[in-house]
């Protein structure tokens, strides 16, 4: 597909680790739709991943930044505007990490230094990114900011651990900051609540495989893939969705509004 | 704008009364994006409006149908598939009418025959349209069905009267039927919860002008216009949103997630 | 338990069919808490059930009424005020019936006369009850009106069929009428969204047994029983909850906010 | 009112600063209903307030604790079980503070050290309290934990600043921890989303007076007072609500489900 939906638009994309990343697919699709953009990631993530290939493929510049560091973000935004030749039309925030999850600590046995770290990386970073963009007046009018979230912000998925609370905070930031960005700059801010997706990060969550097959059976259209999400994100960056703001948008094949599906009940009754 | 997003797609559009209609703007935009479609409306509405001009402008066929009549709907779907040369990719349901509102009956003093009539026209018709499409297997895989709704389905707007309850029913139908349409045909079903819009129908609601200015002040991006809604609908008919289903999507400049805005509080404090 | 929470309060209880009914348990508990009340049901339901025993046990008067008939409801409310010796403090609406479900019609193959009948009985009746109470000014200040609902109003449970849409309409009526009842009479109106409950009516839904065990495994506290619901309803009729209104209150052991539980995933992974 | 609803129940109440506090009113009501409890607050808050009077009046012990300190909380829970003579039946968490609000920093110009501090005090503390209770197995079966929240967790109230995001995090903790507390200990966890209330803390929010009168006009039953909230909390601590868990319960005279009221529109139209 390619429609030229993002011609002459400029953006910043956070969080493309490797080709399984939603941010990676989004970068590819956004490129096909005619946009130019800067890729960014934390220095550590850049060493682990293959972001250089993506930059080459899409003709993008990479500017490393720790998204919890105001200094890094100020540099990133400044440089992006210079490199791209003007204000920013779209931003994708695809960043999340829980130390408690990584280290296998139960939700009921958190180490609070780790909790604070995960909160800062996964949610606080979204506020910082927007605060820097807002203060530098770096967003073009009718621009679009999107962060990736997950339904654990509304409902309990036991293995998602403290990331659930971080996503709730992230979605709240989208509303709170979205008000000021809308009122003052005509910029929209939304989150996409995406199906469980087999990214390199997603696979780290305990019991991920079983869960992804449960979600597949629960969703009338099946799980949304990383590419599906990239397409949806393109629509939210485009001029077709200018009045959508402060929303958390479920992109999940219908999972979020299911109580139970026939397919799930069938597994259950065989038991 | 024109991106070719709907090239080779076929559709049915309900409810284009005159050039203020959301359905009218949608027909124009869908035409620009390359789709072909059938226009339909109730015979009465056709006499009151100017749908012929729209048909001419967009090269569309008009097939009149009372959306509460199964017979009419069966004929409509049958003929549409013939006229358009294949199965249907998209449907817009933009139909709503309350006799209690029209006749000025208070919500607490309903005439129940009128309540039943409004329910059948505004909500029941959506089920009937989908049941006919489903039984005739007339939707193409990955098709998209959209109905227009309003936030009164979730929150109280006193003058919206029994249309609030009808919209709640309509949104429930979208979820309930969306499950079966997703599971069996890979078709998505969603509702758009649109800003108050000065259509010919909308203006009929008591206190509409005051309310529209209240909504404008409450929404960080201002109210979404009929054209904005048409653009958003295009995105939902396109292949960019294939995994979005069972959702009620707020398209309202942010109103739905506002508690209060500075602009509204200012009016309040001047008082 | 008995705390005297409803001393000197007067009420009307709809829908006590037999001892499995939630309305039956509520009548018993409300009696224990010191209230007096009128029992009512449709003449047909009265012949099928055993409401006389309940009336005897609780010292209540029975006044039959078809809840879709304004005439019957006017008589009921008039007589209740007389029999009880004053205005009404609380009302329980526990009425629901789908002809499509009873006759085994699929959601995608509805007979619309039956749909209309089920809508009128299950949802319309709630509006009619409140309209009669409101017009007769029969509710005492700070009174409480409760209707029973089910989560299918928000999320898809395929076998719940058109009752899902009816419950969405019912919950909307609670909000819409609740506004006017609150503003004009200081009366609160809420719905309880109850766990699947093995009442005589509930058991009629296809696949009910499998589903109830699924819900049990999904809910951190297990399903709420009819007696649990009666207790919760007592709290909503009491003076402890005077400022709770326009709400749909989930009473379900936590099901409504679960994405998935460990217990459900375990069944799934054994598969 | 006094019904003996909490006879022989033991609890811990956080956050009673002075007689305007919701926690203060709750302590008084809980005492009237027959419970015994420990009062606790941060040492600083204790010096500013008048908690000694409350302890005297209700025959309670005061155990100071900084709710962000695990050590303090462990001591508090240990001692409470000893002083009260058994496991805990109920806990009220009424703690919130934003340094950004206090120091007058705009939401778009946060000082992130202050953001982190406010997050830890207002939301993190709730997790810590529950983790300590859970690990010490200090809650009695069918106990009830309640935290106070505000609708800014769902919708934008510009002056509420970063407290909005903190409340979203708090409500998510209630769901996440509520799952484990329900599953493992049959304990319920809920938040009450209370009307704006003129407590000593509440009054500190910019524009509070104007806002409280707006909320009064928007709510069909008017704002819920601190005493109303205490009554509602009593119902949630009682055995009448054993199966209510993982919920955020709006206690606000109906505000949360209002789009607009006649009273608000009237002010608007006079303008």
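All chains are identified by letter, namely A, B, C and D, in their written order; residue positions are counted from 1 within each chain.
The criterion applied here is as follows: contacts are C-beta pairs under 8 Å (C-beta built on N, C-alpha and C of every residue); 3 or more make two chains touch, one makes a residue touch a chain.
On a predicted model such as this, the values are computed, not experimentally measured, just so you know.
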More C-beta contacts across C-D or across A-C? C-D
Same interface as A-D shows up in which of B-D, B-C or A-B, over half of contact pairs matched? B-C
Rounded to a whole Å, what is the gap between the Cα centroids of subunit C and subunit D? 30
Note: subunit C sits from subunit A at a C-alpha centroid distance in Å of 42
Would you mind listing the residues of subunit C that make contact with two or more other chains? 155-156, 158, 175, 178-180, 246, 254, 257-258, 261-262
In the complex, the residues of subunit B that touch subunit D are 151-152, 154-158, 207, 210-211, 213-214, 220, 254, 257-262, 264-265, 267-271
Within their complex, subunit A touches subunit B through residues 1, 3-5, 175, 178-183, 186, 188, 195, 219-225, 228, 231-232, 234-235, 238-247, 249-254, 256-258, 261-263
Per the contact definition, I'd like the list of subunit B residues that touch subunit C in the complex. 70, 107-110, 112, 115-116, 119-120, 123-124, 127-128, 131, 134-135, 153, 155-156, 158, 162, 164-165, 167-169, 171-173, 175-180, 246
